[in-house]
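As C-alpha cells, here come the structures.
Both of the next two complexes hold chain A, though its partner changes from chain B to chain C.
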Partner chain A sequence: MTDFGFSLSKSSVVDIDRTDTALYRRLCELDRTAASCMSCGSCSATCTASSYSGMSLRKVLHGLQRGEDVRPMLRCCMLCGKCTMVCPRGINTRHVLLTIAKIYD
Partner chain B sequence: MIDRIPSGFNPFVIPFLFGMAFVLGYCLFGAVRILLQLPREDRKKLYLSLITPTTIYKNIRDIFCDCLLHVRLWKRNPVLGYMHSSIAFGWFMLIVLGHVEVLLFVPHRINLFYYPIFFNYFVAEANQTLRGAFMFFLMDLFLLLVMSGIAIAMIKRVRSRIVGMRKTTRHSLINLIGMYSLWAIFPLRLLAECFTAHISGGSFLTIPGNWVFRSILGNDLNLLPTWWAYSIVLCIFMCVLPFSRYMHIPAEMMLIPLRNAGLKVRDSRKGFARVQVMSCPNCGVCLDACPMSVSRADVRDCTVYLMRQMRAGNERRIKEISEKCLLCGKCEAVCQEGVEGPKLRLLERAKTEYRLSPDYSDIYVAAPSGKVLYFSGCMSQLTPSVGRSVESVMRKAGVDFDWMDREGGICCGRPMFTAGRLEEARGMVRRNEELILASGADTLVVSCPICFKMFREEYSLPGVRVVHYLEYFDELIAEGRLTLEKSELCYVYHDPCELGRGSGIYDQPRRLLGRAAAIAEAPKARAESVCCGGSLGSLTLDFARREKMTRASLENLYASHADAIATACPLCLATFGRYSDRPVRDVAEIIDQQTKGNNIEL
Partner chain C sequence: MKDNVVIIGGGIAGMEAAKQLLSLGVKPILVEKAPRLGGHVASWHRLFPDMTLASDIIKRLEKDIAGANIFLETSVENISRKGRSYNLVLSNGITVNAAAVLFATGFSLFDAAKKEEYGYGVYDRVITNADLEAWMNGKKDSRIPASPATVGFVHCVGSRDIKAGNTQCSKVCCTTAIKQAIEIKERFPAAEVYCFYMDLRLFGKKYEDFYIEAQKDFGVHFVRGRVSEVGERIDGSLQVKAEDTLSGRPLRVGVDLLVLMSGMCCNPKAGALASSVKLELDSDGFLRSRDNVYEINRSNLPGVFYAGACTGTKTVPETAAEARAAALEIYNYLKA
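Presenting the complex of A and B:
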C-alpha cells in the first residue's frame, strides 16, 4: 500500500444496539444526578488525577454510556473533590465516583 | 424515731424490689458483655487504669462533676445545667440521706435494701429531736430541689425556647414512658410522705401538706395506696430504663473510666462504641449545634438520632446518617457525655465494600528537596491565591523552601479517608511519606487544614515538624523576620472545622490577624464555629442543602458587623466566596498584603 504519510483514525462510531450500558443505567438509578451531566468539562480541567491516568469524570460518564472500560482512568482518582466544587450542574461527583467503585464488576 | 412496723415489710415494696433487681441484673450483664467485647490490650489498659491513683481520682471527680453536678452543662446553659443537676444531684442526695437516716435511727434495718427509699412509712416519731428535724428538713429540701428540676423539664417539653433550646429531640414511646414515670416519682413521693407525716414526722413541705390533706380528707385511707403508687412508678421507671434514654445514667458511669483509661473507639458498634451509644441521653444539645439542622429534613440525621438508630439496629438509617454527615465535629464538641459521633460514622463508612480499588504506586511526582517544604493541597488549586500568598510571605521572610505540589501532586488522602476507604487513603499517605522523608526536610508547612489534620494524625514523619502556615507565620513574626502594617479593614475570622475543632488552633490566626487588621468576633466562634457547608466529609449532601448551610454560617459571621471575612481554609474560602455579600479572604492573603517588603508580582 502506498504510504501517504498519514493514516485513517480509528472509527469512533458508537453502536447503541451493541453497547452494554447496564452499568450506566445502574449508576443513574443509584445517583440520579449523574444523568444531569452536560459534559462541560469543568471536572476535567480541575482533576488532579488527569495528568496521571487521563482521569476525567466527564470522560468516565461518556465511557460508561458507550460501554467502554473506564477502569484505567479511575485508577488514579484520589477523591479530592475539586470536581464537586466546580460542577455547574451541582452533581455530587464524589458520590458518583464512589457509586461507580461500588457497582463495577 | 422508732420502728413502726415490727416485720419491717409491706407488700408495696415488691414492685420496687423487682424493678431494682431487673435494672441491676441488666446493667451487670451488659457491663460484662461490653468488657468482653473490648480488645485484649484495651481491657488490660482499663484494668491498669482502675488501680492507678491519678485515674481513680479523675474517675471519681468526673463521675461527680459530670453525672451528678453536670458542670459542663452549667457552663454551656445554666438553666439546663440547673435542671439536670437538680434532678441528678437531688435524687442522689435523697438516696444518700435515706441511708443516713436508717443508720442514725434504725441501724438494725440497714441490711434491708428498700428501707432508705420508703423510710417514712416504716418509722414513727416518738419524740422530736433536733437531729431528726434537721434530717427531715434536708429530705424536704432535696425533694423540693428535684421537683423544681422536674418543673423546668415540663416547661422545656412545651416551650423549649424558654430554656434556650431551639430544637428538642422527638422522643420515642419508650422514652416518653420513662420520662413521664420519672416526672411522677417525686410528686408521688411527696404525696406519700405528706400522708404519713403525722406518724413519721416531716418538715416544711410534708407537715403543711399533711395538715391540708387531713383537713380535706379527714382520714388516712390514702396512705397505703400512695406508697403503692410510688413503688409502682419506681418499678415502671426501672423496667423501661434499659430500653430508654435513661440508660445513660448507668452507662455514663462506665463511659468515664473507659475514656479516662485512654481507650479509642475501634468498632462502630461493639465495646467502647456501645457504651457511647448507651450513654447518649437524647438531650438534643447536638441538634442546635449541627449545621445540617438548618434544613428541617436533615434534623433527623443529627448524632442523637444516629445513637437511637444504632440502639435500634436500623441498618438502612445508620448508613444514611453516617454518609450524610459533614464530619465538622461540632456535635462532639458540644456533647455533654463525650459521644464521638463523627468517629462512629467514619467507622460505619469503612464497612462499605467497593469493587474497584485505585492504585497510586506508579504516579510520578517530582521529588522535592530542602529544609522547609510547603504543601498547598488539592483544594488550593481552586484558590491559587492562597498558595501564592504563602509563597510570597515566606520569600519576604527569607525562608528557603520548596513548594512540593506546585504543579499538582498526590492528595494528602484525607478526602479518601473520610469516605471510609482507609486502605486506599493509606496508599496516598505512603507515597507522600516517601517523598517527604526522602527530601531531608525538617519542617513541612501546610496551608490547608484538611491536609494539616491528615499529616498530623495519620502520617508517620519522624524528624519532620508539621505546621500550619498560621503557626509558622506567627513564629516568623516573633523572630522579627516579618513586620506587619495594620490595615483599616475589620475582619471576622471563621474557624475552619479541621483547624479549630480538628486541630485545636484558635489563637494563632487571631493573633496574626490582630497584627494586620482589626478583628471582630462572630457570636459563634472557636469551638462553636459553624461549618461552611463545603466540607468533604459528607458523601451524600446535595448542592441545595449545602447552600442553605453556607448561608446560615455566613449569617453568623455577618452578625459581627465586620467589613470582610477571613478564614484559613481554601475550601471555606471557595465555599463562602460563592454566596458572601462581602469580601472573603484567606489569612495568608491578608498577611501578604500587610507585610513590608518587596511584593512579588502575583
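Presenting the complex of A and C:
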C-alpha cells in the first residue's frame, strides 16, 4: 500500500454500549464492598507502590468498569494493606485485589 | 389579636407557618395562586431520605390549617406600604390591610427546554425530575418506555450554570437523583442506571447513606462529568456524551430514558411583587434576607418576613423549620 504519510489515531472514547463489564460485575458479586468506591483516591495516595509503578486501586476499579485490562497494574500491588486502612468506605481492598486476580485466572 | 397577617404562597412554607400561627392564636390569611395547596411538594411522590409520601405531609398540613382564611386561585396583585402596615390588593377584588406579611413564595423549577443540548421537548425520551415524579404519582407518560434497559440521570440542569442565569447549587437534586435512580431500579431491576454528576453534594442527614445504598444495593453507576450533549438515534433511544473525568476520556452511552434534574430557581413573579414594595433582591435573584447568617426570616422592611425557598434553595425540613421560626417572629412582632 502507498504510504501517504497519514495515520489514524486510535479513538480514546469510552463507549459504554460496547464495553464488556463482566469482570466488574463478577467482582461485585464476590465482594459487594467494591461497588461502594467513591473514587476519593485515598488508596492511591497512600499506596507504597504507586509512586514508582502507577499502581492505583481507584484506577483498577474504574478501569474494570471501563473494560480495561488492569492486570499490569494489579501486578504492582505488594499487598501491604495500607489502602485497607485509609479507605473511608470500609472496602476490603486487599480482598478486592485478590478477588480480581482470581477472576482473571 | 385583630391585626391581619397575610401569608403569600400556600406551599409547605406557607402552610407550616399558618399552622404555627394558628397554634399561637393568630388566624392568618393564606393566599395561593393555584387551585390547590401544597406547592411543588404536592406534585412530588416520595421524599428523601426515608421515602416519606409527600401526599401524607400535605394532607396532614391541610387538616392543621383548616382554621385559617384560605384563598385559592388568588394572587397578590399589588402591595403598598402605609406607615406600619401594608395594603394588599388580591386578584379576587379583596383588599387587605395587614400588620405583617409573610413571603412564602417559593421557587420556580428551571425550564429544562432552555438547555437545548439536552433535547427536552425535542427528543421523545427526555423527561425531567418533575415529570418522573408525576409518573410515579400515576400520571401517564408516553415518553417513559415499558421496560427501559438503560436510564440516565443528568445532574445540575440549569444549576451552577452562569449562562442559564443560575450560579447557585440547587442543593436537593443530587439526593433526588439518587432517590429517583433507586426508584427506577426498584421498578426496572434489570435496567442499568447512570448518574452524570460534577460532584455529589450530599450534605443532609442520611443522604450519604442513600448514596452508598444506591451503589451497593442497587448497582447504580456514577459517572463524574457534566453531560455535554444528547442526540437521538434512529430507534428513538438517546446517545449521551460526557467526559469520564476520572479517566480523562470522552464517554458515550446509549439510554432508553434520560431524566434531567431541573434545579430550583428564583421565582420571578415574587421578585417583581417584592420590588414593587421596595423589598430588596439578593445577587442570586432570590429575596434578600436582612442577614444571610442570622436573620434569614427578616426582610429589609418592618413587618415583612420570609420563609422557605423564596430566599434560596431549601430542602423540605429546612423550609418547615424556617416557617416555624417566621411564625414566631411574626407573633413577637405583633405583640411588640
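What we mean here is this: the second predicted complex is superposed on the first by the 92 of 105 C-alpha atoms of A that agree within 3 Å, B and C clash if a C-alpha of one lies under 4 Å from a C-alpha of the other, contacts with A are read in each partner's own complex, and residues count from 1 in each chain.
Methods note: contacts are C-beta pairs under 8 Å (C-beta built on N, C-alpha and C of every residue); 3 or more make two chains touch, one makes a residue touch a chain.
Predicted model, so just to flag it, every value in this text is computed and none were measured.
Superposition of the two structures on chain A leaves chain B and chain C fitting side by side, clash-free. Of the two partner chains, chain B is the only one that A:94 touches; chain C does not reach it. By the touch criterion defined above, A:77 reaches chain B but does not reach chain C.
In the superposed model, A:14 lies in contact with chain C only, and not with chain B.
Using the contact criterion defined above for the overlaid structures, shared-chain residue A:104 touches chain B, although it does not reach chain C. In the superposed model, A:86 makes contact with chain B only, not with chain C. Of the two partners chain B and chain C, more residues of chain A are touched by B.
In the superposition on chain A, A:46 makes contact with chain B only, while chain C stays out of contact range.
After superposing both complexes on chain A, the closest C-alpha pair between chain B and chain C lies 15 Å apart. Shared contact residues on chain A (touching chain B in one structure, chain C in the other): 33. The residues of chain C lying in touch with chain A in their complex are 194, 200, 211-212, 215-216, 219, 221-222, 224, 244, 246-247, 249-254. Across the complex, chain A is touched by residues 352-360, 363-364, 378-379, 381-382, 408-411, 413, 415-416, 419, 421, 428, 534, 536, 539-544, 571, 574-575 of chain B.
Those residues of chain A that touch chain C in the shared complex are 12-17, 28, 32-33, 35-39, 58-59, 62-63, 65-66, 89. Those residues of chain A that touch chain B in the complex are listed here as 33, 46, 48, 51-52, 71, 74-82, 84-86, 90, 92, 94-95, 98, 100-105.
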